[in-house]
Amino acid sequence: MTTISPASVDFTGSQPETPSGRRLTFVEALVEGMRDEMRRDPSVFLMGQDVGAMGGAMQGSKGLYEEFGPRRVKDTPISESAMVGAAVGAALTGKRPIVEVSFGEFLPTAMNQIVLQAANLHYMTCGAARVPMVLRTRVGDGPYRGHPQSYEAWFAHVPGLKVVMPATAADAKGMMVAAIRDPNPVLFFEHMWLYHGVRGEVPAGDHVTPLDSTFVRRAGRDVTIAATGWMVHKALGAADLLATEGIEVEVVDVACLSPLRTEVVEESVRKTSRLVVAHEAWRTGGFGAEIAATIAERCFYDLDAPVARVAAPDAPLPLAKPLRDAFLPDVRDVAEAVRRVHAG
Amino acid sequence: MTTISPASVDFTGSQPETPSGRRLTFVEALVEGMRDEMRRDPSVFLMGQDVGAMGGAMQGSKGLYEEFGPRRVKDTPISESAMVGAAVGAALTGKRPIVEVSFGEFLPTAMNQIVLQAANLHYMTCGAARVPMVLRTRVGDGPYRGHPQSYEAWFAHVPGLKVVMPATAADAKGMMVAAIRDPNPVLFFEHMWLYHGVRGEVPAGDHVTPLDSTFVRRAGRDVTIAATGWMVHKALGAADLLATEGIEVEVVDVACLSPLRTEVVEESVRKTSRLVVAHEAWRTGGFGAEIAATIAERCFYDLDAPVARVAAPDAPLPLAKPLRDAFLPDVRDVAEAVRRVHAG
Amino acid sequence: MATAAPTRINHPAPHAHGRDLLRLMILSRVLEQTCCELNPRWFPAEGEEAAIVGAFYGLRSDDFIAAHYRGPFIAYYLRGADLARLIGQALAKANGYARGRALGFTGPFELGCLPWVAGDLGTSLGVATGVATGYQYEGGDRVVVCSFGDGTSNRGDFHEALNLAAVWKLPIVYVCQNNQYSISLHLSQVLATDTIAARAAGYGMPGVAVDGNDVLAVRAAVEHAVESARAGLGPSLVEAQSYRLSGHWASDPGGYRRDEDVAAWRERDPITRLERQLLEAGEVTRHDLDQLWQDARDEVARAVEVAQAAPSCDAADIGLGEAYAS
Amino acid sequence: MATAAPTRINHPAPHAHGRDLLRLMILSRVLEQTCCELNPRWFPAEGEEAAIVGAFYGLRSDDFIAAHYRGPFIAYYLRGADLARLIGQALAKANGYARGRALGFTGPFELGCLPWVAGDLGTSLGVATGVATGYQYEGGDRVVVCSFGDGTSNRGDFHEALNLAAVWKLPIVYVCQNNQYSISLHLSQVLATDTIAARAAGYGMPGVAVDGNDVLAVRAAVEHAVESARAGLGPSLVEAQSYRLSGHWASDPGGYRRDEDVAAWRERDPITRLERQLLEAGEVTRHDLDQLWQDARDEVARAVEVAQAAPSCDAADIGLGEAYAS
């Protein structure tokens, strides 16, 4: 199947080229964001399984234990609900905990803490309580193919939570910094293909990407693709492909899923009159449904063709590579959808 | 705020009037469905908190313990994850367990069993395993206002699960029977306002309502309302109201959320060219987004106005009646949305 | 969070504890029974006053509590909560601490109480453990006292929270308010051990079961546990063994249990028991007791008046824009 | 589910057990190490063979097992699974029991094994407990043996499952395959007790910790627990205390622990230990041992050949229409 090799993905994201010219991988940028905030703010600490001496799954917390020690980089038992509860409670005391659930596949074991506590506390106390915590977790397909679930749609459905999914190294750092500084519970989804596969320009020093960001990654006049996470890169791959066919695609990176702001997508669709929504999660009830429904409503008179959704089929996610590759939407699927709406 | 008193709701649902003329409440019909299957099939049993001698929360299992005893009507500890796991495992041995999670608000404590086990087992074993279980749970607002969450969208997003939400007494029985006989895990959502508030004609004896049912509850040519559960009744209330204004509303009861079939809604929209989707859950990422997106795509050239969604606002659900009533969508909100799309 | 210099709350000189504990139990009895009369869906705590008062007595203003949902008002009162505002919650009035948004038995966060923002039992143990995590991170000697029901101890969150607290030596005391029932189910239907305290050994923390109708025993056990938590010695589990004298909610006839059992437990009423002790010890006179009851009734009656006069929750205060902090 | 008349699997006359257990441990060692060579992401079970073989030895064909994800192939083999198909799973070949859909360490459901259909640890304890619920409902005397890691015992599902099994007296045996690590974390970092078996008392079930490198001890403890489960006396918890000699996955250098610890545990290798015992008892000769190793290598080599010759998973077999049974 057509798919862009992670290595080939290489760009700067939301930031202008910095003189420094520093190029980091997605995960390096992510860790730098946590490190900078831990240096700046003593109330920030990290909890998770193997985040300490081991440096985290896929090097997700590399170097933090060495710099900050066991008090601020806490290894936890295999107790996802208690881990998230620990973050909610610590946040209530004014700390700024980052709790790592190793993989998004384990979020179902901590839903009560996330949905019934973290999301409700501020509103239900008429503002007396605040829950400034970050829940980071690895999602999507990846080099090892393990734990590939994408449950972001569940959380985008729950008011009181913020949900972000950066697609570039610069935003991995900038949004992590913003998430840590935000006074609300932020779910931070880290796509595993991006981890070591995406490298880009990352500003040194204080660098904040607003959590409500949506980015136009590539300008084009014919069709808009609104994508999340790794699919942003597949969309860009598809755009390259389609350019050779004379179809100019505009690629929008919906880096913030909740609270959702669709202005950028609307503006783009007013120009292109055509929209493809692309994500790696299951199609039915996926987050793409919300984007499609909202745009179909707000841009009803602008659309020249039905909004198309590119997503995983409605079946459990198989493990073996040939099945996984056939299962997940790829560059070709995105390109095909674009051709369809372009023709339509 | 305008709201129809449950007592005023009274109709037959999917079945023609039966000579018997038996009228049951929603919960009576529900219990009759379980009772009939337990009489018919010795592999059927019920597990849940207080389902035994007490007869279940809101009389949800009244009389079953007296007839079938402790072996087939099992009281459980407060261990939702183990309860659902017990049902999944018992189903693997060929039993047909019904597990009751007292209220949908507690589903977050059992997500791993539902989403990662029940949903995956059949596909992942290439068909060797089957999970013929029913997970029943009380959802939505109700006379006591407790535990009002509506998380159905999460489960409709997960392939391998079936999700139904009957709106009439006849379907409460018929779909419960169908759910018990189905070889798949079925999530059975019981809206608490319907429990004692809706009464209707219920066929005695063997009565099965196919799980993939969608019903036209009222015919009309101007605007289609696609609603679920209690909102079906509010939609009917709105239809009465609007009829006096000369707007003929067609009300579709989407009793099956997953696997979703939209043919009936599509057919209706081809006729009315206008659609309002109504549910009690939060708007963003709610199940209405899927229906709206699908119809906007499939009926792109039929729609004369944007699809409107009537749902709860994106904020946590407050408890006190004045706040709750202001929070939840009601007859007036539905009517208002219909007028908007009718004018649009 | 309360950040003022820590001060002891409702904490008289040691010799007066008995009388003060009695006063609080009587107040709790009158207060909760009044709520049951005002709200048939209220959850009676009759008979469990010793377990509750003993658990939350004598803490500091900078400590934190997470009270079980049954009978928590006296615990909030010990934090300095206003009775009229608490009763307002039972009436779903706008003067309640959550202005009608949270559950009626929620507590004032601003006074160091974990609010009840959802109805799922057990989850609060995780959050309370998190507050203790925050306190430990601060250094200092603030502690958390977290109570929960016997039935709730079968939730996975109980297990994960207690293990985490033990491994990290968190400053938290878990108090099981064991009334032997979960709605209609007797403990023997959902638990195969004699005590819930026995579970503490599986986490490597001290666990003790005490007579939950003896407020002095509960108080002593919790005080000891609080002191060791404050000293950085880690968490403890205290089980206060009592009995739910009334139904699950006020209007629940509770027909699922035998009258003689209930009668037998009425004999052990924690309030009459302490009254007898104090009378025998000569610490109070009959007249003092009548006065305590009268004072409690008066105090509650005044609060009821204020609460009933308070405005109902106003749809205008729904605060749909307040889901996020800024 | 297997429904044929129950027969004992791989179950020779008692006097031959020692030799048979040794054969199985050697086969497990060769089998799993081969998988590690074929797949750097495989999870080594080196040193834990006694805990695994002792747990799943001598069950009936109509019993059910839920094996921990580390080193489960010998347990599936004991159920009658085909080595070539199991190795095919490590290679993600189409001949695997799940044809590449489930995780590589999944087991054949058709042979009474709980498949691994998701990667979240602990959840399987709930499902295994459910299978025991189904068995009890049937009447009869089928049992379930469910193993899990030491780290997994901190998941809430462990707590809820064991309590439910104890309250309902379910026919299930829980075996903790304690290798003292959860990836990089030593047990002492996530547990404040000496044993996990100590948790059994909190559920009212028997709990015993045995030397997990002594296959006869593990086997004896589990056999006893299985017999009492079969007799309707309820569940038990058996903790087999062992050590993970290799990394978390094959290519993990495991730099987070001290070489001398690993070396000390290598001294207690469960296989060499039983070899020594049987030699001393005169039950086997050196030549027998060489033969056992040679047979194991041959058997595995043949299976590897078949597995490698098997077709890769084919996208055409993705079965998107098979999410639901009909």
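In order of appearance the chains are A, B, C and D, and numbering begins at 1 in each one.
The criterion applied here is as follows: a contact is a pair of C-beta atoms (placed from the backbone, for glycine too) under 8 Å apart; a residue touches a chain by one contact, two chains touch by 3 or more.
Predicted model, so just to flag it, every value in this text is computed and none were measured.
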Per Cα centroids, the chain farthest from subunit C: D
Could you see whether B-C or B-D has the larger number of C-beta contact pairs? B-D
Cα centroid separation, subunit B vs subunit C, in Å, comes to 37
Note: subunit C sits from subunit A at a C-alpha centroid distance in Å of 42
Centroid of subunit C to centroid of subunit D, CA atoms only: how many Å? 45
Per-residue overlap in subunit B, given as positions that touch at least 2 other chains: 76-77, 79-82, 105-106, 108-109, 112, 116, 120, 123-124, 159-160, 259, 313-316, 318
By the touch rule stated above, which residues of subunit C touch at least two different other chains? 99, 101-102, 117-118, 120, 122-123, 154-157, 159-160, 163, 167, 189-191, 319, 322-323
Residue ranges of subunit A touching subunit C (in the complex, touch as defined): 45, 71, 74, 76-77, 79-95, 97, 112-113, 116-117, 120-132, 159-160, 162, 183-184, 259
In the complex formed with subunit A, which residues of subunit D make contact? 41, 92, 100-104, 117-123, 151-152, 154-157, 182-185, 189-191, 256, 312-315, 317-323
Going by the contact rule set out above, which residues of subunit A touch subunit D in the complex? 49-50, 52-54, 75-82, 103, 105-106, 108-109, 144, 146-147, 313-316, 318-323, 325-327
Residues of subunit B touching subunit A in the complex: 105-109, 111-112, 114-116, 119-120, 123-124, 153-154, 156-160, 258-260, 281-282, 284-290, 292-294, 296-298, 300, 303, 305-309, 313-316, 318
Interface with subunit A, subunit C side, in the complex: residues 1, 64, 97-99, 101-102, 106, 108-110, 115, 117-118, 120, 122-135, 137-138, 156-157, 159-161, 163-164, 167-168, 319, 322-326
